[in-house]
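Per-chain numbering from 1; labels A, B, C and D assigned in written order.
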Amino acid sequence: MNLSSFHPALDALDAVLVIPAVAALVLVLLPGYWLSARLNVLTSLATLLAALSLLVERPAPGPYLFVDDLNITFVVLATFVGFTTSAFSASYIGHELEIGRLTPRYLRFYHAMYQTLMFAMNLGLLANNIGLMWVAIELATLTTVLMVGIYRTHEAIEAAWKYFILGSVGIALALFGTILVYMAARPVLGEGQDAMVWTTLIEKAGGLAPELLNVAFVFLMLGYGTKVGLAPLHAWLPDAHAEGPTPISAVLSGLLLNVALYALLRFKLLMAGNPAAVAPGPLMVSMGLLSLIFAGFMLYRRRDIKRMFAYSSIEHMGLITFAFGMGGPLANFGGLLHMTMHSLTKSAIFFAVGHIAQAKGTQRIAEIRGLTESHPVLGWGLVVGVVAIAGLPPLGIFMSEFLIVSSTFARAPLLAILLVFGLLIAFGALMLRLNEVAFGEPTGSTAPVKASYVPLFAHLALVLAAGIYLPGPLVAWFQAVARLLG
Amino acid sequence: MNGAWFDIAHMLAGGLVLLSLMLLYQDRMFALLNVFALHAVLLSASVAWQAQIQGAPHLYITALIALALKAVVIPVALRRIVVRLGIHRTIETVVGIGPTMLAGMGLVALSMVVMLKATAQADPLAREDLAFALSVVLLGLLMMVTRRNAVSQVIGFMSLENGLILAATGAKGMPLVVEISIAFSVLIAFIVIGVFLFRIRERFDSVDVSALDAFRGERR
Amino acid sequence: MPVAMALTGVAVLLGAGLLGIALQRLPGASRLVYLICFVACLAILGVACAELLAGTLPAPAMRLPVGLPWIGAHYRMDALSAFFLVVVNLGGAGASLFAIGYGQHEKAPGRVLPFYPAFLGGMNLVVLADDAFAFLVAWEFMSLSSWALVMAHHTDPENRRAGYIYIVMASFGTLTLLLAFGLLAGSGGGYAFSEIRSAPAALPGVVLILVLIGTGSKAGLVPLHVWLPLAHPAAPSHVSALMSGVMTKVAVYGFVRVVFDLLGPATWWWSILVIGLAGITCVLGVLSALMQHDLKRLLAYHTVENIGIIFIGLGLALAFSAHGMQAPAALALTAALLHVFNHCLFKSLLFFGAGAVLNATGERDMEHLGGLIHNMPLTAFAFLTGCTAISALPPLNGFVSEWLTFQAILLSPALPSWGLKIIVPAVGAMLALSAALAAACFVKAFGVTFLGRPRTPVAADAHETDRASIAAMFAFALLCLLAGILPGLFIDGLAPVTQALVGARMPAQTALPWLSIVPIAESRSSYNGLLVFAFIAFSTLLTVEIIHRFASRAVRRGPAWDCGFPDPSPATQYTADSFAQPIRRVFGAVVFRASERVDMPPPGDARPAHLSVIVRDLVWEAFYAPIASLVAGSAERLNRLQFLTIRQYLSLVFVALVSLLLVVSIWS
Amino acid sequence: MRDLAVQGAQMLLVLVLAPLLLGFTRKVKARMLRRRGPPVLQPYRDLLRLIRKEAVIADNASWLFRSGPYMIFAATWVAAALVPTFATGLTFSWAADLIAITALLGSARFFLALVGMDVGTSFGGIGSSREMMFASLAEPAMIMIVFTVALVAGSTQLSSIAHYTLTNASLRVSLGLALVALIIVAIAENARIPVDNPATHLELTMVHEAMVLEYSGRHLAMIELAAAVKLLVYVSLIACIFFPWGLAPPNGDLAAYATGAAAYLVKLFVGGFLLVLFETSIAKMRVFRVPDFLGIALMLGLLGTLLLFVSRSF
């Protein structure tokens, strides 16, 4: 009789995966929009609670799953945003159903896929085995591909197709990298399981064959970097965000990118653990900077509001990658904080944008004007969100950008100046569009829209709170993670 | 004894690279499909051989999948697609065959350099395997990049993936190989279905959704 | 515990902002909110004044557990911040008092009420902040809230453009300051000002340039001033008063704080940079003001000019302290800070007046005004006082600070470095020139707006503005007079500041007989505003008395003579543009490439002749237009990447992969 | 007490002498033009007559229009009272230095230009705008002159400057430049030929007269008197700065004061004579050549200052 299997925390760990998986199966069978939407929210909540319980009670690492400071951060963030997004999608999808853009059949599929995605992401985050992690991330990609194409318009299918092809190639590269890591580890850890298990890999990181690791990192960087949406591998991201249902855009920006980033970070740790291997920092820094500046310029010419914010996601992912590439306690802390803040803010923005697009009946920026006049709550919500994402105080992103920029400037002035340049370019574009969209004479329908403001303002409130006051435990925890990241 | 095993494995892997190069200079659709079928057969052979010398029976499954799916089902399916969609039988290339071949040579050389340098202390079998696998992967990617035609891009992707399977099986004692190969088969199935579904005649980008609803038995 | 009290005041202000959100629909809301702001500002003002005069500063710092976790937010009140608190809250109280009346007429109070108190709070926090993070948060918060206020009347596309340029420039400035603090704090992240003081900054020269850009872009130094004349007029008038009269001063505070306090010993070439820029700013600001016929924009350009005057003083102080001449440094610094105070007074007053006019006529364009002195005598009187003060005419306060600046310039031949020897007299000439031009400009502003005959019906039936506004204007007018005739008091109030920053102070002024002021020694120079004022008053009264005793009292009203051919049409009056025409011909041809085209119909042709004037903004053309086109161009070029085929995207990946592999193969 | 008396005497003196100087210049000018010219005391008569006449005021004139003349006159008068004419170290001389005196004259001009625009006639506008344009060049020139002098004498106090010139008088390049510049400024400020013609009402040429066009009666008298005092101020400034000989020392005895007054009279008449000589020898300029004329003054002043900055020995 093995008592440890009844250890509550272990149950929690399993629960984080089991709940969504089961829910997915149930949702496939469950007809009726009302019930399934509720169930979707409930299961997301349950998953969130399970994830939170992991904070207090942490199980010992197993061969397949494990929990440490780093991935618990991601898991909690993912489950939380997953929960709020499910709440948002409940009202959003309701509207889509009314206007007949989606049919009940597809909704059943949609909710099932949503939970599958949750499951896949949690699995990817909690996996203690690089192979398993790879499988999970591929699964997540496939599900999102299907959801992006769910509207079955020409553009949607095209976006999904593009996403699918580029994603598959990324996956392939990532797999090759994984295999190389295994090869590098095998001489040290012997054949079989151990050579693919994180906890052992990290312990023996110093002993792995450095040259192999270098090659492996190239493949992993490109493979998972495709998922993160780093330029020049970003091509799938804007269309996928623009054409899919808005809740999915929120999940993509808020979560999936983070999961891929998490994978990158893991392998960065592995590289950093091996003095003989080439330092991963410069590569991440340069790709991050490239994405940041590139996305900043791309923001100017956008006509579709969701696509614009998708580019802004690329920009911020670049910034986060940059921060982690720089390393050091300040930059890492800034990177973590920025990632959290970005997930919250960007999903909040997509909540707002989703309702706005429904209210105005279009996603074209040119046809959306004077929101603060026509739909004050949504309009000001969008304004706050954009102000936050643009990195203005007192909202949280300012703090992280402050840390990243100032700590960088003391170490590599030139990089910091490039960074500031990119930030300024992006800022100009965002504000330009905000000016047109939120202010001026309103155009289009001014009819009030039935919207759920709770998730939107919950996120914004969190971002604001974080910008003003970070609770001590959170700080200590982030600092621990930052130290972990070196 | 060991030497003989090694030579055979080496030969099989090398043959894969050779076939990838051959894939590169095919300019007829059906010829391409045939060569790819051969590619898959060779892969399954090498996988089986690995299973034999590593004494890892589960690899036989992988070999079987490769044989069944890639050597038989998919080429046939693609052939039917080509016929059904009336795709040009000739393959239009971005850069000419000659330059592509040169580039392919260069890639093979590159992967040799990278891998042989990287895996100095790994056992020779793994080294060769990895080097060949990498070149197969790169050649597959090169094919996807230099061919305008959707079907040949699918083929390119599949040969790339063959390279991965080769690497995975070459990595002695690597867990999850079977699962991974299955996952990849699913992926490829998706792609082929997609090509068929979206009536992708020429370029990957030219998706044609008009058939979609008809296919799903719905009317807008 | 003064800091705690001040922070409480700030908290009250922020609370008032929330109240504004909650109550925006209610009719009495604006009155209430502005009243709260008024009281809060007065309270903070009282605290700061008491601390400054009591000389108990610096008060112990306070650390709140907000902001950067492991640092917290430090707040502290030393002499400098106390003085600027006085400026901020004096301006704030005045603006709030004015707004109690003016705010009633606001069309969309929901877009002003929440942000106005936040704006005030932000400025207070900047002045109180004692670590880099708290400082920057407050700084950017100030920009953000003022941006929202600029966007209050967002339906006008001009205002939207103004708001956009403003927020981008503000964020640019913040980022440069961020870089500056990054250098000051070092990689260890010692963001608290106390740590920065203790650790010498790497590359102080770079820090100075960054800070000059960062604070200059907020204060409106040429060529970073372009947003200012757009944004300040766009906001509601009481906000314009705050932005022009107070926010630019907060920027000056930022400069003084970093350069004189945190950065450590100065180098002489810094001062050349500052003085040169400041001189250009003076002249360009006032000349641009002369070219305007929008009353509020004219005032905004004058803010640019006065910022130039202030920075001349600061630059001189830098030069002197760089050469260890502390007494002159104290003089120059005092001149600059006194001008900060004075400018806050009269610029707010003038914007109040402009607001009253806008409120009474709905016009900002002087060409549509005129003759308001008849219907709005009180406003006219207050506005005239402001004009006299800003034109640096005795016995009002503007003159005192400019006089002190001149005295500081007269001490500068003692400076050893040659660059300064050349540049300082030139800048002195620029200062004198801008003073004279300012007088001309305000003759134009007052003459065209308030004097003459009404040019439009709205101007003809304007009405006097409400009591609260009048009260605010007269309070500030009175302060202008007081600061003009009793400058000694204010100078002595500044003594602790200069003592703390340059280690010296001007001789105690209140001790002198007759309350006259003396920069260095009485034999050199002295000025007695009180006496001059008394003198003028006395002789005026005497003259009036005598005249009315002996002269005939008879007065006959008649039509204007106008050399014999009077024209009833008010269109024959001199307009703002025609008034500025001679000066435009003298200076404009060079500075603005100004050109006039006269389209004179041939004899017998009935159509009216037409005169068109083209005035170009060379700064914009030289700096901003290229940047804008560059960004647009590269965005356009990069945008092609949005429309590639999948194969092309794949080839991007492929190229990336191969090149990285090459790197790896070569590297190891 | 005695100081106050001296100060009062000074104020009275300038008031009394100003019209006399005006009359003198007119007389001399007429003589030079082979005319008889009005009697020297004519200005007094004009003033008295104006004072006795009723004032005709335009219908739309404001309170500023009526109170303006008094302010203008007062400001000018105070400025005059602060310039040492026959004695240095007056009681209130330290109440305002040279810069302040310049600024006082500036405020007089400020109000003059304003009242010029009050009635809203085209001529008033012309006068004001041109006057301010001249001023915008004349004032900086004046400040530069002040700089030059102050840097030489080490003080902006007129008494100290005069004392310096008296004690160590020596020919200095910069002082020469300053003198020329000051003369140019004085001519411009007092609306004399070649900048403006005090004797004409020919519309397009007049500047000063255009501003006061609407005035009559006692108001006009005030303005005329102010103009006269202003002329006196500039002459006495030149006298006090560059030719302070004969000035009575601080709290000297009566004899000193007497000699001072006598010397002052002589200086006035010489100054007036030279002014007229200059005026009659050249023609009036077009308005837009005046800036060049004043620009010379500005350049001279700046040059003088620069020389002093670069080396103290000039």
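By our rule, a residue touches a chain if its C-beta (ideal position, glycine included) is under 8 Å from a C-beta of that chain, and two chains touch if they have at least 3 such contacts.
Predicted, not measured: the structure shown is a model, and the values here were computed from it.
Chain C has the Cα centre that lies closest to the mean of all protein Cα atoms in view.
Here the two chains linked by the largest count of contacting C-beta pairs are C-D.
Here the CA centre of chain A is 44 Å from the CA centre of chain C.
Remark: chain B and chain D have CA centroids separated by 100 Å (rounded to whole angstrom). Mean C-alpha position of chain A lies 31 Å from that of chain B. Centre to centre, using the average C-alpha position, chain A and chain D are separated by 78 Å. In chain B, the positions touching at least two other chains are 114, 117-118, 141, 144, 204-205. Contact with two or more other chains is made by residues 161-162, 165, 169, 211, 214-215 of chain A. Of all residues in chain D, none touches two or more other chains.
Pairwise chain contacts in this structure: A-B, A-C, B-C, C-D. Within the complex formed with chain D, the residues of chain C that make contact are 370-371, 373-374, 377, 380, 384, 388, 391-394, 399, 403, 406-407, 409-410, 412-413, 421-422, 424-426, 428-429, 432-433, 435-437, 439-440, 442-444, 446-448, 451-453, 514, 516, 522-528, 531-532, 535-536, 539-540, 543-544, 547, 550-552, 554-563, 566-567, 570, 572-574, 578-583, 585-586.
Residues of chain A touching chain C in their complex: 161-162, 165-166, 169-170, 173, 210-211, 214-215, 218-219, 221-222, 226, 232-233, 235-236, 238, 278, 283, 294, 297-301, 328, 330, 370, 372, 387, 390, 392-394, 398-399, 402-403, 405-411, 413, 416-417, 420, 423-425, 427-429, 431-432, 435-436, 439-441, 468-470, 472, 475, 479. On chain B, the positions that touch chain C within their shared complex are 94, 107, 110-111, 113-114, 117-118, 138, 141-142, 144-145, 147-148, 153, 203-205.
Residues 114-115, 117-122, 126, 130, 133-134, 137, 141, 144, 157, 160-161, 163-164, 167-168, 171-176, 179-180, 183, 187, 190-191, 194, 198, 204-205, 207, 209, 212-213 of chain B are the ones that touch chain A when the two sit in their complex. Within the complex, the chain A residues that touch chain B are 129, 131-132, 134-135, 138, 142, 152-154, 157-158, 161-162, 164-165, 168-169, 171-172, 175-176, 179-180, 182-183, 186-187, 190-193, 195-196, 209, 211-212, 214-215.
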